[in-house]
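Input: structures, listed below.
Two complexes follow with chain A in common, the first pairing it with chain B and the second with chain C.
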Partner chain A sequence: MAVLKINGEDKKFKNAVPATLKNLLELLKVDEATVVAEINGQVVPRGNFHNTILQDGHKIELIRFVGGG
Partner chain B sequence: MKNKLIIAGKEFSSRLFIGTGKYASNEIMAKAIEASGTEMVTVALRRVDIQNPQDNMLAAIDRKKYLLLPNTSGARNADEAVRLARLARAATEINWLKLEVTPDPYYLLPDPVETLKAAEILVKEGFIVLPYINADPVLAKKLQDIGAATVMPLASPIGSNQGLKTKSAIEIIISQATVPVVVDAGLGMPSHAAEAMEMGADAVLINTAIATANDPVKMAEAFKKAVQAGREAFQAGSSGIKKQANASSPLTGFLRD
Partner chain C sequence: MTKLNYEQFEAMLIERHGKSAHEKLKSATVGIAGLGGLGSNVAVSLTRIGVGKIVIADFDLVEPSNLNRQQYFIDQLGTNKVAAMTENLKLINPYIKIDGHQARLTPDNIPTIFSDCPIIAECLDKADQKQMLVETVLNKMNNVKIVAVSGLGGYGRSNEIQTHKISDRLIMVGDSTSGIESGFSLMAPRVAIAAGHQANAIVELILES
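== the complex of A and B ==
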């Protein structure tokens, strides 16, 4: 069992976590063009999602723009 | 007197900025933005809803026409605001930022100490910082001195539609401003926006009054006209208020003996 903490909630994976951030976004059906990501508090530069390797226990924030004043 | 608004070297034809919150749909929001004539719209950053990952309001905003101004709403202190600012820059690849730090959820009044602290950090990191502040002339001066691109004093609490409750303090801010003054928050009707522009504000930022109107598109048009009218009145220059009547018609040549 492997776990990623995504937006404050644990997501469990049977064998291993997805290999890369890009793989995770595909699994979650999140369009990577619309999000910004943080792993363990560090911003992942746009364009680096495909070569950002995920590890068991990573804390991931997936953030996007919403309406606001 | 120059008629174009310039913030951090960028020229704006419209002096009305629009917030994108609270609209009933992305479609109505897009139409209201268009009707307002604005060139800059604010947006907020929030966690992706993993259960509903398709929702993407940004698709409704034509980024060739409208500059995005990400805000740091939700930040309760300087550290949280700086974190949101860095995320916003990573997401947009632009460095414009509406800095807001509001620890109290009831009145949503901005924290002056944390706002100044965050502004100092972000200006050093190359952000174009537009800080949302209470109408505090001393704070406004400190912010412009450390390199904020504007100051954005509130007219009254966010979303309250109360109008220009802080008028006399904003007059002082305008009188000592070396950067554009954008009146933000609380302007509930076009007449409020016109009043702010008549007294010499450089721009206004409107969200709730438009987004929650019965007809947001019509209200956006009304604000557009009010902002233009207020600006033109400011440029035209009033002769001021007098206590006594001053006849508009001649006081000679009456038809009486």
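== the complex of A and C ==
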């Protein structure tokens, strides 16, 4: 069992957490163009989502944007 | 026409807000990224209460489709929004300093355009542009705070628009779901509620810093 804390809530994974931040967003069906992501308080630039490795226990904030202004 | 000179205008603000709050507002500089429904309403609020300087940026012109929610007038159609907004704000408070940039915001020009601003309001329209601005500010502008909006479409559900402090540098306003891509239209009342939350969060940041 592996866990990511996403926006304050534990999300459990049977074997391992998704390999990268990009993989996690795909799993959650979140369009990466509309998300600001933080891991353990550090902002991850969108261009680095594909090579940002996730680890068991990471605290992740996903700030999602919808259009309108 | 009756006029208020600078001393009279300032006396009015001090009478309303108290000297201490007035001095903080007067010495504040706030960036407003985008001058649509959010930005034009945030700018009007901050101008009315005597924020000393605002830095405004937008690339667009005033169009007929803006008039259902944005603070422009029919005779300003076709004018660039920065010039039109500057004109309208100066009618409200002739003493505010306005630094206007008619520009499309990019990760490269954002830190330069808003270099004087310890607080920035995210007032863009498209989700990916909002993402770009917030990421750029958090990553490239040390200690700068940003108040961003996600989810303000439609009508009713006034109390679903909320203000959440995500971190010391990021405040999020909105219901996080009512986007234009889901078919919600943008209407003056609910856009103004979100802009009011945003301006109010900025005032709190200024007065409690």
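Here is the rule we use: the second predicted complex is superposed on the first by the 65 of 69 C-alpha atoms of A that agree within 3 Å, B and C clash if a C-alpha of one lies under 4 Å from a C-alpha of the other, contacts with A are read in each partner's own complex, and residues count from 1 in each chain.
Keep in mind that, in the parts below, contacts are C-beta pairs under 8 Å (C-beta built on N, C-alpha and C of every residue); 3 or more make two chains touch, one makes a residue touch a chain.
Note that the structure is a prediction, hence the values are computed from the model and not measured.
By the touch criterion defined above, A:56 reaches neither chain B nor chain C.
In the overlay built on the shared chain, the residue A:30 is in contact with chain B alone; chain C does not reach it. Considering which of chain B and chain C touches more of chain A, the answer is B.
Within the superposed three-chain model, A:6 lies in touch with chain B and out of touch with chain C [touch as defined at top]. Note: residues 31, 34-36, 38, 43, 45-46, 61, 63-69 of chain A belong to the chain B contact set and to the chain C contact set alike, using the contact criterion stated above. The touching residues of chain A, counted against chain C in their complex, run 31, 33-36, 38, 41, 43, 45-46, 61, 63-69. Taken together, the chain A residues at the contact with chain B in this complex read 6-9, 28-31, 34-36, 38, 43-46, 61-69.
Partner chain A is touched in their complex by these residues of chain C: 34, 36-39, 123-128, 130-132, 134-135, 138-139, 148-153, 166-167, 170, 172, 174, 176-182, 184, 186, 191. Within the complex formed with chain A, the chain B residues making contact are 19-23, 29, 42-48, 50, 53-54, 56-59, 68, 70-71, 73, 86-88, 90-91, 93, 158-159, 185, 205, 207-208, 211.
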